Amino acid sequence: MKMLINVPEKVVPDALRGMAVAHPELSVDVENRVVVRRDAPVAGKVGLVSGGGTGHEPLHAGFVGPGMLDAACPGEIFTSPVPDQMVRAAAAADSGEGVLFVVKNYTGDVLNFDMAAELAEDEGITVGKVLLQDDVAVTDSLFTAGRRGTGATLFVEKVAGALAAEGAPLEQVESVARRVAENSRSFGVALSAVTTPAKGGPTFDLPAGELELGIGIHGEPGRERRPMMTSGEIAEFAVEAVLEDLGRTGPVLALVNGMGATPLVELYGFCAEVHRVLGERQVPVARTLVGNYVTSLDMAGASLTLCRADEETLRLWDAPVRTPGLRWGA
Amino acid sequence: MKMLINVPEKVVPDALRGMAVAHPELSVDVENRVVVRRDAPVAGKVGLVSGGGTGHEPLHAGFVGPGMLDAACPGEIFTSPVPDQMVRAAAAADSGEGVLFVVKNYTGDVLNFDMAAELAEDEGITVGKVLLQDDVAVTDSLFTAGRRGTGATLFVEKVAGALAAEGAPLEQVESVARRVAENSRSFGVALSAVTTPAKGGPTFDLPAGELELGIGIHGEPGRERRPMMTSGEIAEFAVEAVLEDLGRTGPVLALVNGMGATPLVELYGFCAEVHRVLGERQVPVARTLVGNYVTSLDMAGASLTLCRADEETLRLWDAPVRTPGLRWGA
Amino acid sequence: MSEELDTGFFADWLRAAAAAIDREAAHLTELDSPIGDADHGSNLQRGFTAAQAALEKEPQDTPGALLLFTGRQLISTVGGASGPLYGTLLRRTGKALGDAAAVPLPELTTALREAADAVAQLGGAAPGDATMLDALYPALDALDAGSAPGDAFPAAARAAAEGAEATVPLQARKGRASYLGERSVGHEDPGAASTALLFQALATAYGEGA
Amino acid sequence: MSEELDTGFFADWLRAAAAAIDREAAHLTELDSPIGDADHGSNLQRGFTAAQAALEKEPQDTPGALLLFTGRQLISTVGGASGPLYGTLLRRTGKALGDAAAVPLPELTTALREAADAVAQLGGAAPGDATMLDALYPALDALDAGSAPGDAFPAAARAAAEGAEATVPLQARKGRASYLGERSVGHEDPGAASTALLFQALATAYGEGA
């Protein structure tokens, strides 16, 4: 194992200490593992709360700030946070207008957020929920834990965050979040496995010359292993998988997302191929975001997320945002 | 070799095609390998031009935009661009107020930029130059090609870019760039070697349980190999190395920079340790930037850059910037 | 049916369980690698360690309170899928035991079955989906069949271990492993393996107490 | 001294050089790995290939023009340290040869030495710093000592190869390898190795033409 860490057990609190000193505009509770925008709760504003296992940074804690999340709670590496954190985050985010839980569809996240919602409601906080399940690689959803939430989480947090910033009520924020979630699909590939601090070695063996198609963001293998493909072939495969499920669509938001260890220069090359393939299929791309946003520790690879970009979605996407991980117009 | 690419020879043009579609606010000449802000030359403004080998993204092309560079020219992977590109970039950036070349001190970059400066002057463009040589790991400079330019490049491009945006003349822009360069020091460590597309395998062998201290950003080994250290120990080593050379200092700008493949969660943990060590040495940190900014393809590791933060530097650092890789206030 | 299990016994059980989890944490994480996210061992280790520490500070005085308290601790410290599921298992068992000072085996078995059903409902899983349930239900059946703890606990431990092993050829239908589809076949479910450890600890705690 | 080297010979040389670089590109990049940035082979390959392609389109009709043109092509296509250095070597040699239609060996040697000094000045390096100069100067000495191309060129090739080999025990003082300090000892300098290839190509081109 080689990691830039002290000890595996301290990875999360150490990172939170780092966030605290690097981002004075955030209030970081290292002990209780909650990251909150310093001015929360913002009067008259619905609170946006998300969280999940650590290892996907900047998601979620890096998306706390005006125009996006009010609070995030990071769990252990690849482990859903516990209800206590979520309730604390909800309490910090709630100005009385209620909070929206943005939840990625993993058994752990769903169970813990459900428990938290109950506890928060007990404390008098109105809680809405949106479930992310954008990963088309998980098929036969009836016989699985359902589709995973991956890249679309960023779209939902940004767009719903912008609407909340405008002062819209919970019902509307929840409804736009649902729409964005329903309008989004993702597909990811891995060129390497992940090394988690707890395990200290790669989670699976991926021989040279092979890649995993249809991976998630927790170091689990994909649906299929294939001989290595070119960036252009991978783009065709990913776009095909996404569009087949999304169906006919007009303009889209595109996230060309790195899993963590793939150099930006490769992501941009992949982005070019994604645009080429979308162009061939007559799908216009309204906005493109390229970079490491929804990651899987040190995994090499990339994912593609497309979201149908209706007018309101685009307007809210373009609205100012000011977080460590995503920032424009402010 | 496993990379998200088509063929090694096309990595750079493929990435430029990707930048072109992802960033309509940039004008990307894929053929001639020059990236220019779309509204260049900006009347009355000194032009800032930089460039270097590809593989350090977002540096430099990702720092083109208002408040930072006017143009960048990416070379092949880890290879200085050629004078033709630099002259083209200078011509695109020059509004008549002259251009400043921001050059990292590598033999190739220096020789090619020097040739380009001569050619550009022949074309009637006034050219200033600032040389980055912040890497304290290179000692005995008399017997070497001199210190490498690394993380401080970001500080110089940001601060000089902000002053240029205010309309300052070339002489002043060059002088602030020099001051920031002289006020900055860096030190880097690698936990893994780099795989370049041309070579297709790691540039050196780094056994499990060892790390390289004093590495640059081109996959070259460091000055010293040691048994693996904790994040806290590495922070002590790096801060010590930087401060020993920088000397007594008041507040600093700190860049806690990832080499490419180290997860953000580890970088934040490292950032916490860097702050701890600086605190123990009574060095206040005025601003901290954490992330993958001056990278070395898929190398795991991190570097620390500190810059003495005088008042003007801080003011210019905080000024709005709008580039793919660094953005705030706009 | 004269023999009753008292608070001391349940405390021994939880201690033995924590020790077993501690010892086998790396193995459980290993099992969670090829088909999951390589955290099951460290998840449970964190939770059971925290629960033991909390019990030191706040000892509980009935079997029911002890299990309820431990379940709450697991929910508050484990996270992931296994935190709420194991937390619910213990909480619901504790709740069903009420405030009796000691419980006979059949009552414990009934309480555990009620709790297991709550876990199945919470996770939406059924036996055969390659989850912890595949070790849990066989163990409960063995408890049912047993006449006294001395034979029922070892039988339950064996049944849980066999149940865990029996997940190897199964295709996972719940939890992360289900994402793999057919590729999940050929791997032992980590949660089933940890359930087997819990029942092994039950037998051990009883054997040592005896 | 009657024998003169004409444009055709120089074109053969450059073709042979390009072929040798092409063949040895991976090896040169390999040499550039432990002490550099693993690009020397692909750098020169890109440059020499581009120069050959440019020459196809714009053939040059004197040795001087040919070398000048090729040097300019290298500068415009190689980049890195070796682009300006090799580009200058060829450009300055071409310049020194003027517009003669053919050149005798001593004149070529003088031109090459002038160019080598320009390269040394440009890079600020001296023999013994573990750079291309350590193959270049010994080769020029061998040319000086030779009486005719038939023996001078093979001798220069041998001297360049030996010079390249002699960089192994040296500590690099210029270029990237110098960053390594003492750790650069024990490695052959990639630029010295490519210089040896150029002189080998000189001998080959002459031998095949003869």
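The chains carry the letters A, B, C and D, assigned in the order they are written, with residues numbered from 1 in each.
Convention: a contact is a pair of C-beta atoms (placed from the backbone, for glycine too) under 8 Å apart; a residue touches a chain by one contact, two chains touch by 3 or more.
Quick caveat: nothing in here was measured; it's all calculated off a predicted structure.
Enquirer: When you check each chain against chain A and chain C, which touch both of them?
Expert: none
Enquirer: Work out the mean Cα position per chain and let me know which chain is farthest from chain B.
Expert: Farthest from chain B by mean C-alpha position: C.
Enquirer: Could you please state the distance in Å, as a whole number, between where the Cα atoms of chain A are centred and where those of chain B are centred?
Expert: 28
Enquirer: Using CA atom averages as chain centres, what separation in Å is found between chain A and chain D?
Expert: 53
Enquirer: Give, as an integer number of Å, the spacing between the C-alpha centres of chain D and chain C.
Expert: Chain centroid spacing, chain C to chain D, equals 73 Å.
Enquirer: Name the residues of chain B that each touch 2 or more other chains.
Expert: 77
Enquirer: For the protein chains shown, what form does their contact graph take: line, ring, star, complete or other?
Expert: Shape = line; chains linked end to end, path left open.
Enquirer: What's the complete list of touching chain pairs for this entry?
Expert: So the chains that touch one another pair up as A-B, A-C, B-D.
Enquirer: What part of chain A is in contact with chain C in the complex they form?
Expert: Listed in rising order, the residues of chain A that touch chain C are 8, 53, 75-84, 106-108, 111-112, 115, 137-140, 143-145, 148, 194, 196, 198-199, 203-204, 216, 218-221, 223.
Enquirer: Which residues of chain D touch chain B in the complex?
Expert: Going by the criterion above, the answer is residues 29-30, 33-39, 41-43, 46, 75-85, 122-123, 173-176, 178-181, 183.
Enquirer: In the complex of these two chains, what residues of chain A are touching chain B?
Expert: Residue list for chain A touching chain B: 1-7, 10-12, 14-22, 54-55, 57-58, 62, 77, 191-192, 208-209, 211, 228, 230-232, 234, 256, 260-273, 275, 285, 288-290, 292, 295, 297-298, 300-302, 322, 324, 327-330.
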